[in-house]
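Order of writing sets the chain letters: A, B, C and D. Residues in each chain are counted from 1.
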Amino acid sequence: MIKLNESTGNTAILLIHCPDQAGIVAAVTRFLSENQGNILYLDQHVDQDAGVFFMRLEWELDNFTIPLKDLEKQMEPLAGQFKMTWRFYLSGMKPRMAIFVSKIPHCLDDILARYQSGEWEVDIPLVISNHETQKETVRKFGPNFYCLPKNSENKHQQEEQELKLLQDYSINFIVLARYMQILSSEFVRQYKNRIINIHHSFLPAFPGAKPYHSAYERGVKIIGATSHYVTEDLDEGPIIYQDVARVTHRDSVADMVRIGRDLEKIVLARAIHAHLSRKVMVYKNKTIVFS
Amino acid sequence: MIKLNESTGNTAILLIHCPDQAGIVAAVTRFLSENQGNILYLDQHVDQDAGVFFMRLEWELDNFTIPLKDLEKQMEPLAGQFKMTWRFYLSGMKPRMAIFVSKIPHCLDDILARYQSGEWEVDIPLVISNHETQKETVRKFGPNFYCLPKNSENKHQQEEQELKLLQDYSINFIVLARYMQILSSEFVRQYKNRIINIHHSFLPAFPGAKPYHSAYERGVKIIGATSHYVTEDLDEGPIIYQDVARVTHRDSVADMVRIGRDLEKIVLARAIHAHLSRKVMVYKNKTIVFS
Amino acid sequence: MIKLNESTGNTAILLIHCPDQAGIVAAVTRFLSENQGNILYLDQHVDQDAGVFFMRLEWELDNFTIPLKDLEKQMEPLAGQFKMTWRFYLSGMKPRMAIFVSKIPHCLDDILARYQSGEWEVDIPLVISNHETQKETVRKFGPNFYCLPKNSENKHQQEEQELKLLQDYSINFIVLARYMQILSSEFVRQYKNRIINIHHSFLPAFPGAKPYHSAYERGVKIIGATSHYVTEDLDEGPIIYQDVARVTHRDSVADMVRIGRDLEKIVLARAIHAHLSRKVMVYKNKTIVFS
Amino acid sequence: MIKLNESTGNTAILLIHCPDQAGIVAAVTRFLSENQGNILYLDQHVDQDAGVFFMRLEWELDNFTIPLKDLEKQMEPLAGQFKMTWRFYLSGMKPRMAIFVSKIPHCLDDILARYQSGEWEVDIPLVISNHETQKETVRKFGPNFYCLPKNSENKHQQEEQELKLLQDYSINFIVLARYMQILSSEFVRQYKNRIINIHHSFLPAFPGAKPYHSAYERGVKIIGATSHYVTEDLDEGPIIYQDVARVTHRDSVADMVRIGRDLEKIVLARAIHAHLSRKVMVYKNKTIVFS
């Protein structure tokens, strides 16, 4: 959870999940209403199989009578009554994002262009790569660039270094923009549901390396890209967004790579946008992505 | 609004719209909660420009303590306080649908096959056509078929007859499954937001007659179909659902007609399904289609 | 290859594949041109990796100077020179198709409606099922219906019966319209690249049984359907056509089944149409689908 | 037509259109075959309504026996016989492209990133804008930037200046990457079918200014983007490529603008790629885009 800072933001966002039972919406909306929190957005979902209730609420802070520093305490009775797991965000606080990239530039380029144009409410102070290739590009756009090459022997040590940089730069979440290294379980656990990867296939089809080659071999008529949170199991994490494009027998592997690049960058950007908007909740290795 | 019938259905659906203000969700969910109505589904939307609040609620009737015959009365204080326009439906009550069709069969065939397979919770007692062409097909599937041919002179008289049939069969809503006649304003007003049409183009492109010919002439690379509620202005009503398909320079008008048929039947079916699920609200000639 | 019948059709279609080399197009088009065969359509493809050339040609027979009965003989020198594998079809000859179906009706219904409306140039004299469920539906539309229930003991014997029926009805190709039985390798070999199946997932994701359940469990954001020729390896045959639809966390397995039904019927119909148009060639477990 | 330069390229591309008649393919392929031009790609199309034949051929130059400087002369008899209009390109010659842009950066950024990564075989020596906004961005990537502000009085004069720059930089074609000025008919005529524009709607729906506002007002469920060659009639030129994305009642105009930006850049890039690949032919205000 982002630290509260009363000086920023004029709306607040609450993400809740808890065992499903009658009266949750009524109780939460009453709590906000009684404290003059005007609700701008409410979306909820019940996973009927699992018996779990999910909700996203956004409300105006202008007349809200609870000081933000007291919110946690004042939520306690409600949260306790319904056994809620909850997170609270201020829309005005910009999350801090780090990019990990290898040599292939298209996802990085796309993110940096969006960053430069101010499309997203985000700060990107840090880019880490295992190659020098993208150094110049990154510097043009402002973030600091660190090159931490990896091999089978220095992996652990380099991850230590990465974790230190992430902490030094107060990074909230990481985007793997075609980063061709597998992060250790230890690393992943420290950023659970906070590392977004782009995989260049329509998962669960073609996990692992060289998916376009596999798609070509299999003769599929549609290729895809998948953005997901990274878990300890490669390409098995909760899917955030997917998109596809048609291919034909005329398309070589190189054509698929070309067409796929555009899918990858759009799919990754959509996932980042959903994450930044605090619209993604994870449960049982799946996502709820509120609209 | 469908008449209440306490013997049917075990969930109830409420559609509300009213001027936006703080506290609506809290008030409505509290009302249901206090009367033991367990909410299964809640979706809401605020049109920020218009300052209007929309909500769809569905709750279990099993333990609901308000007798359905008293619901309207008990809602009154709440509805009055927030100046609500509201409609109430029982999920267990099957709406009664009439189909209007001319000669072209694909949308009719598709609807009748879904009807026969029990895909939808609907009764279809009545099909009206201005031609005899589809008589045999309709009879195979059960509904009664009436042929009411139209020309410039008998239009008014035939519509009178149609309106009488709609009343005799207690029809709730009408589907124009490629019905090639323009209904009078008088007729349309009696079934406001209850006549669903399928137009064979991606509206607002190519309204009116022969849209595939126009699409071919213009050289578009994508064609579409649009389902919408019929209003007094031809092809100008609130859009419920749209879909598209790619075409190339190789596709003749005949190819577009063939590809378009599949679009039309799927798009129309999607709109009917949304309407039957009570997920469509109309405001300012646009729809809110809850997901 | 369909038997020639000089009384039918006014265009001819030639499908050729052979080792790639210079001069093939020139030689074949010259052959047709010199015999007054006006080419209406020519599409070709070179698989660069495999070094194989593919071509589809369609030409008018009106002034064509070679009698059809002599065509094979007159093609021989050309075919020999380039080591061609070729097939020849008359557009005017309607292929004869059999449908295999189990209990689920939507693909069957869709095919029969298209058949009745004359959308395709095809005859459908025969429907085989392992259940009686669809008997009445089939009879309404004309084809003969045979029920051949299968269990682990009678499978071989029932397939013998099926093969006899296919022969008796002079069937050219088979469509598995959600037929929930696995055909034996022996059966499949007799109709190589002439059995079209619809699988209710985006292959190679989710092969085998209950793909919508698997898709739900995995939390994918897009579901699909795949039509392919049946080979001895289940769900591994050459893919003809695929399509997809978006789903969200709100969609239950039942919703996916409902949305998927529409995908399945459209995808199967597209594959049948491509097959009927003689636009599909199979090579190395992949298809070339000319546009 | 690009000037021939025998030192570049190892394949040649021929685009032909002429009145349809028997024997064209045979004659052209024979011509190439007899001169040892190994055909790598042949696609053709007949516009049946107009009676016009179109063909794109690509062949290897390695063993081609006709010197390129003599090709035009040697083609003459063939071209004369069939009344061909034809253009000839060398795949190894990089076309020279100019970008026109106003303030909005996303299409420009996307093109420059592709340029930098070497995705396309193109040179981009020149960017012209009516604002200074994108000057720094352009300079980072290499092209020369010229700012030519326009108002109702200086338009003619500035276009003179633009035409001079285009000539000085030997520009072959122009991309309007969200250039918010209407080019004069005089200007357009000089670059007929060589100016590619991106319009931020699904044409012919919502031509002109503020299409996302219009789409929002109309309540469409799908928005689109269209790339087309610029003609003297605004937003009426031959369409090269289109794509669409779903929107819902939740999407504000700002959301549509955000979603649309991604459509715009991908659609424009696809059109540029088709143009660079010499796969686009224009006829009767429509395009043939070979695959």
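Throughout what follows, contacts are C-beta pairs under 8 Å (C-beta built on N, C-alpha and C of every residue); 3 or more make two chains touch, one makes a residue touch a chain.
What you are looking at is a predicted structure, and each value in this text was computed from that prediction instead of being measured.
Comparing chain pairs B-C and B-D by the number of C-beta pairs in contact, the larger count belongs to B-D.
The two sequence copies subunit A and subunit B touch through a face in which the numbers common to both exceed half of the numbers used overall.
Subunit B and subunit D have Cα centroids separated by 43 Å. Distance from the subunit B centre to the subunit C centre is 37 Å, each centre being the mean of its Cα atoms.
Residue numbers of subunit C whose C-beta contacts span two or more other chains: 248, 250, 291.
The touching residues of subunit C, when paired with subunit D in their complex, are 22-23, 25-27, 29-30, 32-34, 36-44, 46, 246, 291.
For subunit A in complex with subunit C, the residues that touch the partner chain are 45, 48, 202-206, 218-222, 224, 238-244, 248-250, 252, 285-289, 291. By the touch rule above, subunit D contacts subunit A in their complex via residues 105-106, 109-110, 113, 116-117, 119, 137, 140, 248, 250, 258, 261-262, 266, 269, 273, 291.
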